[in-house]
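Two complexes are shown next, each including subunit A; its partner changes from subunit B in the first to subunit C in the second.
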Partner chain A sequence: MNSLSEIKPARSVAPSELERPMSHAHISLRNIRKTYGDAVAVENLNLDIEEGKFVAIMGPSGCGKSTMLRMLAGLEDVSGGDILREGQWINELSIWERDMPMVWQSLALFPFLTVRKNVEFGLRMKGVGKAERKTRVLDWLQKLGLEGYADRGIDQLSGGQRQRVALARCLVTEPSVLLLDEPLSALDAHLSVQMQGELKRLQRELGITFVYVTHSHSEAFSMADTVVIMNQGRIEQAGSPEDIYLRPATPFVARFLGGSSIFDCKARRLKSGEMVLEGPDGSFKCTGPEMADLDEGQQVSLIVRADQISVTAKAGWAENEVAARVVGEEFIGALVNLRLETAAGTAITVQLQQRDMQALDIEVGTTVTASWHPEDGHIING
Partner chain B sequence: MTSSLSIRRLSRLAYGGIWSLPLPLWLAGFFLGPMILLIWLSFWDVKNFLLTPDFQLENWKKMLSAPYFWAAYLRTFIIAISAAALVSLIALPCSLAISFFLSVRARMVVLGLFVVPFFTSYLVRVYSWQIYLTENGIVMKLLAAIGIDSGSLLNTPLALMIGLVTLTLPLVIVIQSISMLSLDKTLIDAAYNLGCGPCRVLFATVLPAVRPGIVLGALFAFIFSFGDFVTATYLGGGKFTTMSILIADTVKSGQQWPRAAVVALMMIATLLITALASIAFAYRRT
Partner chain C sequence: MRVSALTRRLAVIFMGLALIFLYAPILTNFVFSLNSDRFPTVPLGGFTLEWYRLILADALVIDAFKNTIKIALVVAPIATIMGFAAAYADYRFNFIGKRLVLIFALMPPLIPLVVIGLAMLAYLSRIGLSGTLPAIVVSHIVLTSPFAMAIIRLRFSQIDGDLEFAAQNLGASNWRAFWEVIIPSTKTSILAAFLLCMAVSFDEYAVTWFVGGLEETSSVRILSFLQSAVSPRINAIGSITFITSITLILGAQILVLRRLTRGNS
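Up next is the complex of A and B:
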């Protein structure tokens, strides 16, 4: 429990903010740092979140995504940097003053209260009158299809119903931002997909900002306007789902999203003046706009998505070809994920239609040729 | 094939049976048997100081119509419920401190210290209170030194409470602390997150969440205090006739075992009803 003595007089603008232009973002994180003793959890984190956007923060376990959310909610102090909401410096606002309700991974519903009282809790804390509390709670219970469960206990609800109670409990106070910490991770796949649709619909209808932490690609990419990918306490890339899918900014992002093959290459200029990418797997052509910026000898990663690689049993005449051995295959409905490995040890992932796979007539251990068009390669520095 | 299957099933049944056997045996031998005996005894007769098996309602009529029985019953109930409330109130801040403010190490040490009183006999602890509370005792001397002459503290309601707190406080603190330690701390964060300040969080979240532990602790304090004989005898000086003292007196005066059985059965019924009511209250949702 925090003590009252920790509450300091609030300043509306941080000292460091005076020298900077005011931000128009709804929530801004500026140079946020968080350390636990010597361990750095979050480092130099900068993020602007626009009003009414659905932002998904994702990354592997321990990447700092939950820490970031907890700092936003005020559950953790920042070790450095500024948190701004609508230009107001909120670093030193206590948790109970922040008005950023959170849907917890464990849901954290109050087991000693009925559904109605759970939803009412935030309003009661804000000193909303009894009559208004009643109508607003009822309104939200109806919106989320819970009107028949108002007087039940939390332990008498299904997983999906509990999820809705947790949402209603936050949204009934009409916040301008909602924080969600892996809220769907406890649900089964079917229910999770259903809730994803509902969450997105709610966010659109309410027009409030959602900050959604998840480790699930499908959740982030199906709902978010902006996806932020974190790794080791830093933001690797922030952008639209399409942007991140088509143009991963770092090898980490490409590897984290999966479904891409990564070739380590060096840029080399041919006598003809044309630039090619040379690596242990051979020499590849690429026509992406990034090619123009490359210097001779520069180390790059060539990323090719699984659906852009084709496989033939014999070496053909394609411009970018590499011989590889089949090491595994996974059937996902009508699609097959084929895992290949080149002589140099590079892993290649190829996505094929089931019937194309049958036509190829290959098995684990067969050597095949993987190829792709020069315009389909994507180049990343490093 | 089938025989080996049935042998396996039989051996599994036997294994489960062996483990579950002690419980019904214990309950039958030490609870159900004595209970039936006690109920039967309450209908017996005493002739010339001799117990005679009989079936007559005289004992029940006699006891339940006696004003001294109901006086003792009410007195015992009030003493026990006061002790339960007092002990719970004293224990609450202690348990909160143990669960929320102490480090893990300090917590182990403190909880360990609360177990130490159980190493010595309760009788010994009550006897040592006599030294403090008696007419020329330490407390009297100290009070006299600052000009307060209060006479003996022995045989007062205060002495009774001191004895019962001595008996039940460590247990209640341990029960309350365990329930607070098992409280999901995310609930407190969730309350803060919904705008609940640090003063309000205690009454809006922490206490309701640990209510089962608080009620259970109070229930144990009530049960122990309701049936206590030692404090009522040695610190109350027999001045406050409680149900336990009534049983002892009834047995001593003319071998009235059947009437003592009536008192005992009334006590058991009271405790049973109190326990059920407390548990219903502990898990009630608001």
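Up next is the complex of A and C:
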């Protein structure tokens, strides 16, 4: 924090960060706000990114994830709050002073330069000597399997090769952070999966921080150490992929990730003293640790994952049951996603094995019983 | 698109006629400039360079050519820089009233030349500039910079808006990114704009005639020739002017088209 004065000597009032304890995070966003006129793009955003982690920021379009990345890179000014890197306040550093190279969604490769010159660009801007530039560029071209394309133009490359050039162009400068803005969205599914593996491997080997913005679940969950889910300019949940998958913090997260059924319920204490969850679809038991904290009449969402719900033809077999009509089925390899709807209109998603599905002998329109164990429900406030 | 053989043939004939209609007068002009007869009649007389020799010996013509070149050499760089600045502002920045600014910036070629000529004359004589070369230069800059802007804007519309920021993101300062990314991306269109500005300045006579007073450019000189006497010298000076401007315009065209086809590939 003592180097703050070096960064911004002109500022007489110390940034609000000064009074706070030193952060150990590599990058910290504190109370970040971004407004365009009256429109609020990002609000009250707090996030600590640890060094060497692969952080994926995801959310629906317009949730502010790209705005956040652009504020990190200095492409957008923040309207309020502080951005810190290794404890240093970097709010007012220019784009070119931030040293946070970015892989652009459009890739933004220089079309008038060869592959070699594209990769060399950052080093040239930093004033690295010619001989060193040459070896470092060659080194990175080899690492990404581009050595045979050094003297080609950008328009002579395939999509995957361009992707690698964009990566090499950033990584050759040996940054401590790499920003990625939906870099794989232009690739076909097969290539995208291949690049995901490669990105994760690169990040592990280099040990640098990756901040990766995406709208794709599979990209975020397959690569990231930390997944951050944003909605309407706020962070809904940040945690490990497993944490978010097993314990979504808000109904939005559960809905956004899909694959879960959400029951709106109210907590009610029975005469026996037991707490149950009552809603338009019936009364459900739940044994999760969250039950102890509930108050009588509290509004909650009961979340049940698709792989935890069973479907039977007859009722009366399990503790939590609800009758529902089959409205659709999707076959995904050996699995079937069954979409059900209750009389109250709640959508239920069930994942079944293909062979279980055949044993059930059901079709669209059939009414079945969906059931789950009390320990499998997950409760969220609201 | 599929077209029948007949439609195709008719279209070719129509296009041929249109081209003949457009270029025949210029061709005749060129042929008669080399004809020894005093009057433009067929059959042609003998081949001669007499008319060219005559105009090149005419001090008024030489002065007019000198003026033309001087003016074009001052006008083209200034108009190109102004057009570039306007096109770059359009590419890079968003501001309130941008559309209005663009409309005003692109409008001068759409205003009748007589109107511009009169307005310029009224204004320039008020500030004591009318009848001077600077007056012609100023007027030509007004007339040519919109062309420069249009050509350079066309190029900007093909450039990825992130490129300059990508350069900055890799450590290039504002100016450095501009020189490393914007200039290389637009240099051919800048050259094309430069050539076109020269060509427009070269050809322009109406406004020049209004504001130039006794100062003449080659196109105004042609006009004066026409008004005084019919002489094959007009054909000669016309041919020289035509060849000069068509060279400039073709040069600009080639540069622009090359960029376009490369951009599409």
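The definition used in the following text is that the second predicted complex is superposed on the first by the 368 of 382 C-alpha atoms of A that agree within 3 Å, B and C clash if a C-alpha of one lies under 4 Å from a C-alpha of the other, contacts with A are read in each partner's own complex, and residues count from 1 in each chain.
Heads up, the rule we're going with is that contacts are C-beta pairs under 8 Å (C-beta built on N, C-alpha and C of every residue); 3 or more make two chains touch, one makes a residue touch a chain.
No experiment lies behind these values; they were computed from the predicted model shown.
**Student:** Looking at the superposed three-chain arrangement on subunit A, would you call subunit B and subunit C a clash or a fit?
**Tutor:** Clash - subunit B and subunit C, as placed by superposing on subunit A, overlap.
**Student:** Contact-wise, after the overlay, does A:Phe110 reach subunit B, subunit C, both or neither (first, second, both, neither)?
**Tutor:** both
**Student:** Regarding the shared-chain residue A:Ser158, is it in contact with subunit B (first), subunit C (second), both, or neither?
**Tutor:** neither
**Student:** Let me test your reading of the model: by the given contact rule, A:Ser185 touches which partner, first (subunit B), second (subunit C), both or neither?
**Tutor:** Touch partners of A:Ser185: none, neither subunit B nor subunit C.
**Student:** State whether A:Thr173 touches subunit B only (first), subunit C only (second), both chains, or neither.
**Tutor:** both
**Student:** Touching A:Thr366 in the superposition: subunit B (first), subunit C (second), both, neither?
**Tutor:** The answer is neither, since A:Thr366 touches no partner chain.
**Student:** Of subunit B and subunit C, which one touches more residues of subunit A?
**Tutor:** Of subunit B and subunit C, more residues of subunit A lie in contact with B.
**Student:** Touching A:Met102 in the superposition: subunit B (first), subunit C (second), both, neither?
**Tutor:** both
**Student:** Answer with first, second, both or neither: which of subunit B and subunit C does A:Gln358 touch in the superposed model?
**Tutor:** In the superposition, A:Gln358 touches no partner, neither subunit B nor subunit C.
**Student:** Pick out the stretch of subunit C that clashes with subunit B after the overlay, from 114-122, 222-230 or 240-248.
**Tutor:** It is 240-248.
**Student:** From the superposed pair, tell me which subunit A residues show up as contacts to subunit B and also as contacts to subunit C.
**Tutor:** Residues 73, 75, 94-96, 98-102, 104, 106, 108, 110-112, 121-122, 125-126, 169-170, 173, which sit in both footprints.
**Student:** Give the list of subunit A residues in touch with subunit C in this complex.
**Tutor:** 73, 75, 94-96, 98-102, 104, 106, 108-112, 121-122, 125-126, 155, 169-170, 173
**Student:** Applying the document's contact rule, which stretches of subunit A touch subunit B when the two form their complex?
**Tutor:** 1-4, 73-75, 94-102, 104, 106, 108, 110-114, 117, 121-122, 124-126, 153, 169-170, 173
**Student:** Any idea which subunit C residues touch subunit A in the complex?
**Tutor:** For this pair, the touching residues of subunit C are 160, 162-163, 165-174, 176-177, 180-181, 184-185, 265.
**Student:** Over in the complex, which subunit B residues touch subunit A? Could you list them?
**Tutor:** It comes out as residues 100, 184, 186-201, 204-205, 208-209, 211, 285-286.
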